[in-house]
Amino acid sequence: MATINVNLISGRSIQQGVAIEGGKEKPAYRTAAGIIELDPSDLKKLGAWKNTNVKVTSDFGSVIVKATETSQGPHPGLGFIPMGPWANAIIDPNTYSTGMPTFKGVPVKVEVAINEPILLGIELVQKLCGVK
Amino acid sequence: METVTITMKNPPALYLEADNVSPDTFAGKTAAQIGDLSVHEGNTTSTLGKYFEISGNAGASAADTKIVIKGDVKKVKYLGFKMSAGEVAVEGSTDQYAGAWMTGGKMQVKGNVDAFAGIAMKGGELSIEGNAGNYLGAAYRGDWRGMSGGRILVKGDAGSDIGMYMTGGEMIINGNVDVHVCTHAEGGKVIIKGNAKTKVGGQMVDGTIFVFGTIDVMMPGFKPAGEVEMEVDGVKGKFAHYIGDTGERHKKKKGQVVYANLYKKI
Amino acid sequence: MTKTITDVICPFCGTLCDDVEVVVSDDGKQLLEVYNACVIGTEKFLHSQSKDRVTRPRLHQPDGSWKEISYDEAAEYTAQMLANAKKPLMFGWSSTNCEAQSVGNEIAEITRACCDNTAATCHGTSLIAIQDIGLPSCTLGEIKNRADRVIFWGCNPAHAHPRHMSRYSIFPRGFFTSKGQMSRKMIVVDPRVTDTAKMADVHLQVEQGKDYELLNALRVAFKGEWLPDVVAGIPKEKIREAADMMKSGRFGIIFFGMGVTQSLGKNHNIDEAIAVTKDLNEYTKFSIMPMRGHYNVTGSGEVFAWQFGFPYAVDLTRGFARYNPGDTSTIDLLIRGEVDAMFTIGSDPGAHFPISAVKQFAHLPSVCIDPHLTPTSGVSKLHVPVAFNGVETGGNCYRMDNVPIDCRKVVEPPEGMLTDEQFLIKVRDRVRQLKGAA
Amino acid sequence: MSEYIIKNGHVFDPVQGVKGDKADVSIKDGKIVDKVGSGAKVIDAKGKTVMAGAVEIHAHIAGPKVNMGRIYRPEDKLFTCTPTRGMERMGGGNSIPTTFKTGYEYAKMGYTTAMEAAMPPLFSRHVHEEIRDTPIIDEAAFPVFGNNWFVLEYLKDHEIENTAAYIAWLLRVTKGYAVKVVNPGGTEAWAWGLNCLSVNDPVPYFDITPAEIVKGLIEANEYLGLPHSLHIHPNNLGNPGCYETTLDTLKLAEGIKARNKFGREQVMHLTHSQFHSYGGTNWGDFESKAKEITDYVNKNKNITIDTGNVTLDETTTMTADGPFEHHLTGLNHLKWANIDVELETGSGVVPYIYSPNISVCAIQWAIGLEIALLSKDPMRCYITTDHPNAGPFTRYPRVIKWLMSTKAREAQINAFKHKDKVLSQTGLGTMDREISLYEIAQMTRAGPAKSLGLSGMCGGLKPGMDADVAVYDFNPDKPVVNPDDIEKAFSRCAHVFKSGVEVVTNGEIVNNGHKRTLWVNVKVKENPQVMRDINEKFLKYYSITQANYEALGHHFVPNPYTVEVDATQVQV
């Protein structure tokens, strides 16, 4: 299957805002923030339909999210995962001694992973931290 | 010159703040007295003797006191803090604030140093065999008076934000540097023999940068100003000359606008 | 019958809308309807009524289950943890009121802890830039009444501050801006074509991570100096055009957000943006304002500043305050493994920190004070649910332009639940005994 | 409340005319009394100086611009913080101390009451939170009125009654104490990047001149009969030649009599007059006009002033005079913060280094001292440093040393790099007046208390007044060998009492006291038109609702002290 390289940024979205206030243990949080918004041209290069599960990998980790078509585009070459456990599993923790991790501007590889499940928010963090 | 050797014997669980390890505080003390100097781990205070084996007495003054630091001091901060004379030699690598607020003397680190090494330096010489962290020779947060004198030599690479608000002194980096070199600098000289990434010389008012390797992205505020043949730190060569930062305010000296200079070796 | 409470403050984002109306049952126990708030604010008010709320503190058992304990036992556990730690970290404070923050500061001072708020992953770098170059700013009312140039740089208020444009920056009809949106030019600088960018007169689609270069180019354009052909993906003609549009206004404002604070360059991006604002004050009147995220992160910065002297990343381990982001800031403390206890209140580091930082505190003794179930409470040893701040308890909070507004209690919390201030007072009194403080 | 008797001290109390002779001061139930029982705790003040608690009339110690100064100057606290110790919370900041340190430092120097010099009404809750966290000293805050849209619109048509009704409403809503005016009209012009440099420059759009604003507010203040007079920071501060604007401003008070039942005699208080007494046309021929200003003030009895002494430190300037701070950052290129407040005011913060090697700073230092030495009536000229603008308040002992000792002044003049300029551009070199301890008590206790309308409560040791007493380890009988002894004695008190409670012993804090927030509650006739104007402006132009503007819960002012004023039966 094809893989593409995009520059990943993370940030707020109104759906993510509603979901965190609605309760992060609920599936709505995964629907809102367990996604990567890609430009239609990048989806075409990836050879994947919209809303398929993909594995996003950076130098710092990898995560399974749903690839969706961006509503905030066009932004070819740029991937957007709303701020949350999914994005923070792979963003660059380097703070350059300013205290601020690099949430935006992380080169990532995206590949299709149809059969792998997208975990719920709390479940994902507990699994990555080895806490039951 | 009297030599005091301290060897790590009891590594800290967290990080150790050893801001009393400098010729100035050791001067005139015996090994036992040095052992009683305070040292901090988190919010607990204990003595230098609890963490280090101490041998040899200090000289009468800071100038004739040499400190040799052996063992794993990778989790020890503030070595050579505010030293004004004498020598400090760190055999391995050390953590943040190496030679911070230094005003004189010589400090040599055989391994690497972490961030904020040589911060707000006024004089003396700090030489690092390995790599240096971010904010090398920069100013403390909020202070518009950065490094104003002294020399910093790094054999390896350096991090980001080196020489921020620099007003004087000299820095030579043999390896590569990360983003932001001499941001806001108003003087001083920085020689980078490796490659620089981006945001080199942003908001510079005065001062000079030499880059022997490549610069990924030039700042738009640096205007090309021809080429020049020069010898820099013993290396002859042709340099592309840029002046800037044209977005910043600049003083006039005898009618001439004074710019910062950026020379990139061709 | 029902009662309608007016002038209610929405406790979600830095816009701090204060014209929300809430309908509650007569006995004040049930919250029924919310008017005027955006969809996020409405969700926060309504979620306080959800039946599956956790209402008692609970200890995390090794097998993953939770054992319910009393508030007193929870206060004892928290006090012991903080008192025995060599370098405890007290993080968060951004979704709680200033009174609770003051009590928290007392605890931090007695236990000689490090304390930090969510500026560490939000506008911390803006504060560093402000410390280097200052902040020419104004209150939101000045923008409503006077601004005719509005620039959104690296922020997407349509999603993060939904009512910002209708209450302050674009649509309102102010004293000197009676034609509302028609009397304002809107510029958006963002690497994506966001919903905010779609409304803009000019959208500079800057290359991600090159804001510093573009801001520098603007300053060069103000002075009419030489420019390279393309800077950060924007042709120089468009840069000069944007520069002239800014200069020609009579009152301009730059709003900036996570786009510049979290990208490469970090504090320097904001440093240069403030320098752009300062330069523009030579030609016209310009201000700049950070789009603060949490509703009371500004308040936490203010309380830290007047009590300790620094706005965030405060290290009290020596008995007095020290500050240097990169050394005393939360992410570095966690990733370098400098702390041995984690206390979280009014924020969710589990979800919003890089995972390498979360892994560090997941195995330390940790307490999470939060009414919701969050990834932080999921990995913490003790979870202490408290009343919703701004819904079930009042208290002072600060808007993104530092204007203080007094939050209001609109509905009773579930039976027997404490507010965060009440719980912190229990912890403080116990810590005082443990440390023998006066 | 226990009883105390301070025995055999040299008492200086201008309220009773006591000039240093040995006397006992008795304290019971928080008040000064004639005598106490035998069980009273004896404080031996033999060979010591006893005065009332000092009153700070003008300092920026609480509020949004002060806190912006704290936030943006971490280097002001580097290596100089004091740790938590016993009763004292940690403290930090040289030019802008944290709130706890502010309370402790004032108390240790014998200050028991302080006035926050400028409160933007929209931020009153922030000011009160910081006042609440400043221990021991009683405090009050002055809301700013000189650029307020309501005031500009009412005074354009000289509607004194409406202005007075608005002032009454705002003082109640913000728990304020007096009418403060900063660069009248200029800060509103600064909202468009402009300024009003003279009293006759019209304000853009509102078309009213600073002269009309100042005159109107004086009349409104006297119409209400407030405890303090108008407190003014005139236009054109800090520019060479600004003394003419100052004189024009002072002339606006001519012919107006003070009308109040608090014993106040002045109708205008000119604050930090040093910054307003500059002559010359540029920084080259910059010279002192202290003589011209003090001559005018000595002749006109309905004016009081405070000095604003420069203390030759690195400090942070902060003022509601937005355009001046922008002008200042243009001069020294240091970091500039600015906060314009909707419909009300503005402010600016810029660090500044008063270096002894710069002739302008040395001349400013001399001007401040000249003003105090040339003032004939110490009851109308008070000592301040406009903290932190001309220097931190912790330098008061040094200012007192300079005023009391010509030797100290000469030593400083000789230390200047441009000594010649100080002698040519100012008259300080020719002055040999030495301020006495009694006059110091007038300039820091009785004078400010009287000007603030608090003469019944503080600033003196007359029985019935609050028991605020400061005991200094300074023997007035012994001749002063080294002037530095004066500074040392006034830096740390042997004993300080606040409302009858001993709060400082031998320079250490022993009790946090129970500080009060003073505010003025003015009852005026019903004024539906002003109420309608207020509702309309909140509906259309403010960014917060009127209910939230007025909301001031108990947790902001836990211990209020209300000064009641009845202005309902006033014949215009």
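Think of it as A, B, C and D in the order they're written, each chain with its own count starting at 1.
The criterion applied here is as follows: a contact is a pair of C-beta atoms (placed from the backbone, for glycine too) under 8 Å apart; a residue touches a chain by one contact, two chains touch by 3 or more.
Here the structure is a predicted model, which means the values were calculated and not measured.
Considering every other chain in turn, the ones in contact with both subunit A and subunit D prove to be B, C. A comparison of the A-B and A-C interfaces places the larger number of contacting C-beta pairs at A-C. Nearest to the global CA centroid, when each chain is reduced to the mean of its CA atoms, is chain C. Centre to centre, using the average C-alpha position, subunit A and subunit B are separated by 39 Å.
A separation of 22 Å divides the Cα centre of subunit A from that of subunit C. Remark: subunit B and subunit D have CA centroids separated by 45 Å (rounded to whole angstrom). Subunit C has its Cα centroid 34 Å from the Cα centroid of subunit B. Within subunit A, contacts with two or more other chains are made by residues 96-97. Counting partners per residue, subunit C has 128, 131-132, 264, 316, 318-319, 323, 325-327 as the residues that reach two or more other chains.
Multi-chain contact residues of subunit B (touching two or more other chains) are listed as 115-116, 134-135, 140-142, 144, 179. Looking at which chains touch one another, you get A-B, A-C, B-C, B-D, C-D. Every residue of subunit B that touches subunit C in the complex is listed here, in rising order: 13-15, 40-44, 96-97, 115-116, 134-135, 140-142, 144, 165, 179-180, 183-184, 198-199, 202-203, 217-221, 223, 245-248.
By the touch rule above, subunit B contacts subunit A in their complex via residues 115-116, 133-135, 159-161, 178-179. Looking at the complex, you find that subunit D touches subunit C at residues 62, 64, 66-68, 70-74, 76-77, 81-87, 89-93, 98-100, 122-123, 125-126, 129-130, 133, 191-193, 205, 326, 329, 335-343, 346, 349-350, 540-545, 547-548, 551-553, 555-556.
The touching residues of subunit C, counted against subunit A in their complex, run 12-13, 39-40, 43-44, 47, 50, 60, 62-64, 120-121, 124-125, 128, 156, 158-160, 162, 191-195, 205, 208-209, 258-259, 261-264, 266-267, 293, 313, 325-327, 329-332, 335, 348, 350-359, 362-363, 372-375, 378-379. Residues of subunit A touching subunit C in their complex: 7, 9, 11-14, 17-18, 20-25, 60-61, 70-75, 78, 80, 83-85, 88-89, 91-93, 95-105, 121-122, 124-126, 128-132.
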